[in-house]
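Alright, structures below, take your time with them.
One chain, chain A, appears in both complexes that follow, with chain B as partner in the first and chain C in the second.
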Partner chain A sequence: MSLTLEREAAPAHRPPPPPIRARWSRWDIRVSPYLYIAPFFVIFAAFGAYPLGYTLWVSLHDWDLLADEHPFVGLANYRALVADADFWNSVVNTLGIFVIATVPQLLLALWLANLLNRRMRGRTLFRMGVLIPNITSTAAVAIIFGQLFARDFGLVNWLLGLVGVDGFDWRVSRIGSWIAIATMVDWRWTGYNALIYLAAMQAIPRDLYESAAIDGASQARQFWGITVPLLRPTIVFTVIISTIGGLQLFTEPLLFHSGTNPIRGGPLRESQTMTMYMFENAFQPNFNFGYGAAVAWMLFLFIIVASIVNVSFIRRVGRQR
Partner chain B sequence: MGITARRRRLAAVALAAVAVLVGASACGDDKTANANGNITLTVDTFGQFGYTELYRQYMDSHPNIRIIERGTGSNLDEYSPKLTQWLATGKGAGDIVSIEEGLLVEYKANPNNFVNLLDYGAGDLKNNFMSWKWNQGLTADGKKLIGLGTDVGGMAMCYRRDLFAKAGLPTDRAEVSALWKTWDDYIAIGERFKAANTGASFLDGAPNMFNTILLQAAGNGSGYHYYDLDNKLVVDSNPAVKQAWDTAMKIIAAGITGKFPQWSTEWVTAFQKGSFATIACPAWMTGVISGNAGKDASGQWDIASVPGNGGNWGGSFLAVPTQSKHPREAYELAKFLTSPQGQIGAFKDKGPLPSSPQALDDTAIKDATNAYFNNAPVGQIFGAGAKSLKPVYMGPRNQAVRTEVENAVRTVELGQRTPDQGWQEAVANAKKAAAK
Partner chain C sequence: MKVRLWDASRLTYATLVVACLLSIFPIYWMFVVATRSSDAIGQTPPPLTPGGNFGTNAGRLFANPNANFVVGMVNSAFVAICVTVSVVFFCSLAGFAFAKLRFRGRNALLLVIIATMMVPTQLGVIPLYMLMTKLNWNDHLQAVIVPALVTGFGVFLMRQYAAQAVSDELIEAARIDGCSTFRVYWNVVLPALRPAAAVLGLLTFMTIWNDFIWPYAVLSDPENPTVQLSLRALSNGYYQDISQVFAGTAIATLPLLGVFIVFGRQIIGGIMEGAVKA
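Right, the complex of A and B next:
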């Protein structure tokens, strides 16, 4: 209070401020907030909005990447895309890998967070430990897992060999490659989500658990009755983030298929995701930038739809409990 | 000091900072030529061009030039999209870029991306190259020269001596060459090899062998494969394509391929473990083999002649993008690297076969042996047929079409498709790719 008083009192000892200074400060108060948030919006405009709009523009053209002229073709790229079986195949693959990666991943993360939330020795060590897979480079993860799932010299097939399954070719089996890729995704992101859940769990007041315990609720009942409902906003957040990440899946499946034309995701496009299909068309070997841009926009729309579906689904599930 | 003054000073500082930044970025554009007139030239490659020693020579004789090579050892599938992006955005490409023969047609379709080397006097170099190699570098109207030829892919068959011995087959390269006059012989030997149960497969995979057979059939026949000389897609009507397809199907049916996906990490591991006994071997493949199989396999590999008759697979060009800041210096370096002496130097280093007749006649090539391949006389093996090589014409969407057809071979090899289904998909997907 005294500080305010002093501040208010201070001008009285000085000559009245010149009019220019008053204008400055009014301008300051009105404009400064916008300036402070401007960096985000400027960067977003340059690296988010502009590419988005430009991609839309490109997708309406017959845009050979190297050609000098790009004739306008309207919605022709989109019309072709809707009738393109390879595109829908990539959609199915993306969604399939997304589901078999995300569902176990978030459940596992929840379970891990619950474990890490208990009192135990070396708690910080374990909490930091779960994040280590996340800070290793995707490329390194993909290369290692690619070797684990190799047909002839892979560790996974060696283990399968012990129970009598021989020479399973993960890369050319649709479900096999989905599982292998989902494993890589989960390896990287389970710990990250677990930490987010853990942070949210620690914000839950202890006395809720205490009173529940007094009422005779078991650990499991406390978990489902208190922890999960109170984590709902956090779960929504992780689901949306996983959806966006999952639908944009690229590096893992690409590096999983090394060799000739890996962008195809297997000889019959067994695990070609939408981003890979976009790349295949926009760049090697098709160099059809317009068509690739159309794929990119479809992907953008899919992500919006999937996020909305996700949120409403999670909300409804939450309400029923 | 009043707030206004402070603000003014801040503004001045900010302005100065901006000016410095602008100045710095302006300098950044020209950092390749510093105050002493020194120039840095960047060369973008894939695989192994074998230029290290040549750069050193060139830098010794041109003290103001510094050369950086990027992309050494990378896969063509990684390199080519990057090159396309550099060209499309007008930024990022080196002063010299290498272009593989199968992709050259696509880049040539937009010649404005490249310096016309004829403007720099490249016309005088014509006799340094086999005429077809020279012509490939020209645009369709013959008015612009996009690329200077580096190597050609004269064909042979590489094989592992230890595995052949284990299977009770001859190991001497002349005897091995005599085993397979035709592709049917090759398959028969493969079946004998398979019966011996060495634990290894006879060849690495079907798609590369299919490509070898196709290029041979096309070179000996019409001179084109997927596209005819009028750029019409003839994948389903060209007998050479079907003939090569049927031979590849016989190889698959014999069960002698290892089904290794070529250029993959598993393929590299298979080299290291000695998991297959033969591989189609254009001259540049020798560098790939020694690189993948490593020192331990030195002396185990050897080189025999290819079944059928000759053939050419691959070979590259050096081009100067229009975006280069130093096109004249870049041209001079490209001229040096593709000169007969440059091609000999590259051959000695990593084995790409010269496209220059003078280089092929040089004793340095004729007498060349390769210690890694049991001292095989590589100069004779690859050089002998090189000058009579018949080129195969590559159409506008060659790479995309080739990808589809070879992929169809692979689906049959893996048992995902029957040969008939595979052929139908090959044709259908090739047409789709050509139309994209």
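Right, the complex of A and C next:
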């Protein structure tokens, strides 16, 4: 025992120990990169990945905020959720608002980008003009548009009145509140997506258009035949981002419905989204973490499925062209 | 002929002008309502030009005990500045490591970071809330600061910029002069990253200033809101003092509007560059 220790302590031929400075420098080169990237992974693990994963665990329990014990109940929360009409109502609302917001938004953005992709005066001014809605907060947008879509004294109803349509109560109509909320989303995000498309359009070599023009292709044909196919990766990217963001819609409908119980998204849950339903169950007024967590995981699955469906749809449309 | 094809036609200009007007009108109208009395909103036709009532509206707003608007503005400024400084520092540090330092697992770890940008972490809000309860951070500002200290988007943006903007020779030269890795970052890399760092800082500041869902979940004490929560408190209820609410949204939007007017070109450049690289 003591013999081995001695042998380890005094090896026969050992190079002289490097000076401290050199040793420190070697350590610096080897360890620094990991040190520099570590903060992201620590923060993401603690406040991103762990909570999302732990949501699954919570969803398998009867986890009431005020109860002392949280018994394991397996899939009971999910079973209850599948039979819960209010949950499916929130699913329909989320998907409905998503479709009527995202489809026009991305088409409009594509069109706007095509217009911005020309030689013109005041380029920066036009780009700033279409991007400016994006700097306002979702809360501010919801407040402003809430007033624009007000039943009494709302500008939208006033404009409708000018063409002879009677005042409409946007908040208590399901499709009406969907349209109002989709308008808020589109107003805030269309210009942003247009700039993303514009960036990708500028990377397309112009010779492609020139040869197409020589072959007599019209501008519309060039747009659908060259621009859109070459933009496909960018379109897929924006569709994924819009799906992830759109299915988590929360602030706009919450602030659109002010009153005693805005988290329900209107008196008859006309535009309660899935995230709102999660909040209603997990926080005020229900404080049932387990059930809310089950909603969160269902929403997570919906996001994955919807992203896959949307992307394969875009791919197929692109191939047919 | 070649050239004419790419010139904007009159119709293009006209359409873009309409698009810009539609973009600007709600913001303009917010200022109209914010400067009018609440009665004026009920007039037919509705008022479309600013009035002179902004002072009294803002006075009512600042005195409103339910909104705690001034506290909200100060809190939001504090949170946004803390997060912005931290995000710029940690993301540029990590971006430098990914772009310019050699280490095992570099590419795989970068892919992990890109993948995390797609994870809807918002859905982890329930355990995150439980975690904050355990740390006793509920209703305290660190609950909204700490989770945002460094972002995958920022790391990726800074990596892309560092890869092309910082020359390897410069780093080598600094090393031969005996600089430690951190000194290389601080004296050589960070100055070269300034344009991208500015864009990241602006985008981060705007995102945090406007953030709603997580502050809404974790800062339930109405005495200690962020500015967006103040706006929510103002607008929530059966009776709304519309001109006061709009004075609030106008004041809460002004800082970002100022930033946008001064740095709009850089912000647009950042969004478009990020798009091409992603």
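List of remarks:
Keep this in mind: the second predicted complex is superposed on the first by the 278 of 321 C-alpha atoms of A that agree within 3 Å, B and C clash if a C-alpha of one lies under 4 Å from a C-alpha of the other, contacts with A are read in each partner's own complex, and residues count from 1 in each chain.
As a convention for this text, contacts are C-beta pairs under 8 Å (C-beta built on N, C-alpha and C of every residue); 3 or more make two chains touch, one makes a residue touch a chain.
None of the values given here were measured: they were computed from a predicted structure.
Steric overlap between chain B and chain C is present once the structures are superposed on chain A.
Counting the residues of chain A touched by each of chain B and chain C gives the higher count for C. By the touch criterion defined above, A:146 reaches both chain B and chain C.
After overlaying the two complexes on the shared chain, residue contacts for A:258 are found with chain B and with chain C alike.
By the document's definition of touching, of the two partners only chain C reaches A:240; chain B does not. Residue contacts after overlaying the shared chain place A:200 against chain C, while chain B stays out of touching range. Contact with chain C, but none with chain B, is seen for A:158 once the two complexes are overlaid on the shared chain. In the superposed model, A:172 makes contact with chain B only, not with chain C. When the shared chain is aligned, chain B comes close enough to touch A:288, but chain C does not.
Using the contact criterion defined above for the overlaid structures, shared-chain residue A:268 touches chain B, although it does not reach chain C. In the superposition on chain A, A:67 contacts chain B only, with no contact to chain C. Clashing C-alpha atoms with chain B appear in just one stretch of chain C from the list 8-16, 98-106 or 134-142: 134-142. Of the residues of chain A, those at positions 143, 146-147, 152-153, 258-260, 262, 279, 283, 289 touch chain B in one of the two structures and chain C in the other. Chain B makes touch with chain A in their complex at residues 2-4, 7, 77, 80-81, 84-85, 87-88, 106-107, 109-110, 112-113, 207, 261-267, 269-270, 273, 275, 399-400, 403, 406-407, 410-411, 414, 416, 433, 436.
Those residues of chain C that touch chain A in the shared complex are 2-3, 5-8, 12-13, 15-16, 19-20, 22-24, 26-27, 29-30, 33, 41-42, 44-46, 90-91, 93-94, 96-98, 101-103, 106, 109, 113, 116, 118-131, 146-147, 149-152, 155, 180-182, 185, 206, 209-210, 212-213, 216-217, 228, 231-232, 235-238, 240, 242, 245-246, 249, 252-253, 256-257, 259-260, 264-265, 267-268, 271-273, 275-276, 278. Those residues of chain A whose C-beta lies close enough to touch chain B in the complex are 20-21, 24, 64-68, 143, 146-147, 150-153, 169, 171-172, 257-264, 267-268, 279, 281, 283-289, 291. By the touch criterion given at the top, residues 25, 28-30, 32-34, 36-37, 39-41, 43-44, 46-55, 58, 112, 115-116, 118-120, 124, 126-133, 135-148, 152-153, 155, 158, 187, 191-192, 195-196, 198-200, 203, 206, 209-210, 213, 219, 234, 237, 240, 244, 248, 250-251, 254-255, 258-260, 262, 275, 278-279, 282-283, 289, 292-293, 296-297, 299-300, 303 of chain A touch chain C in their complex.
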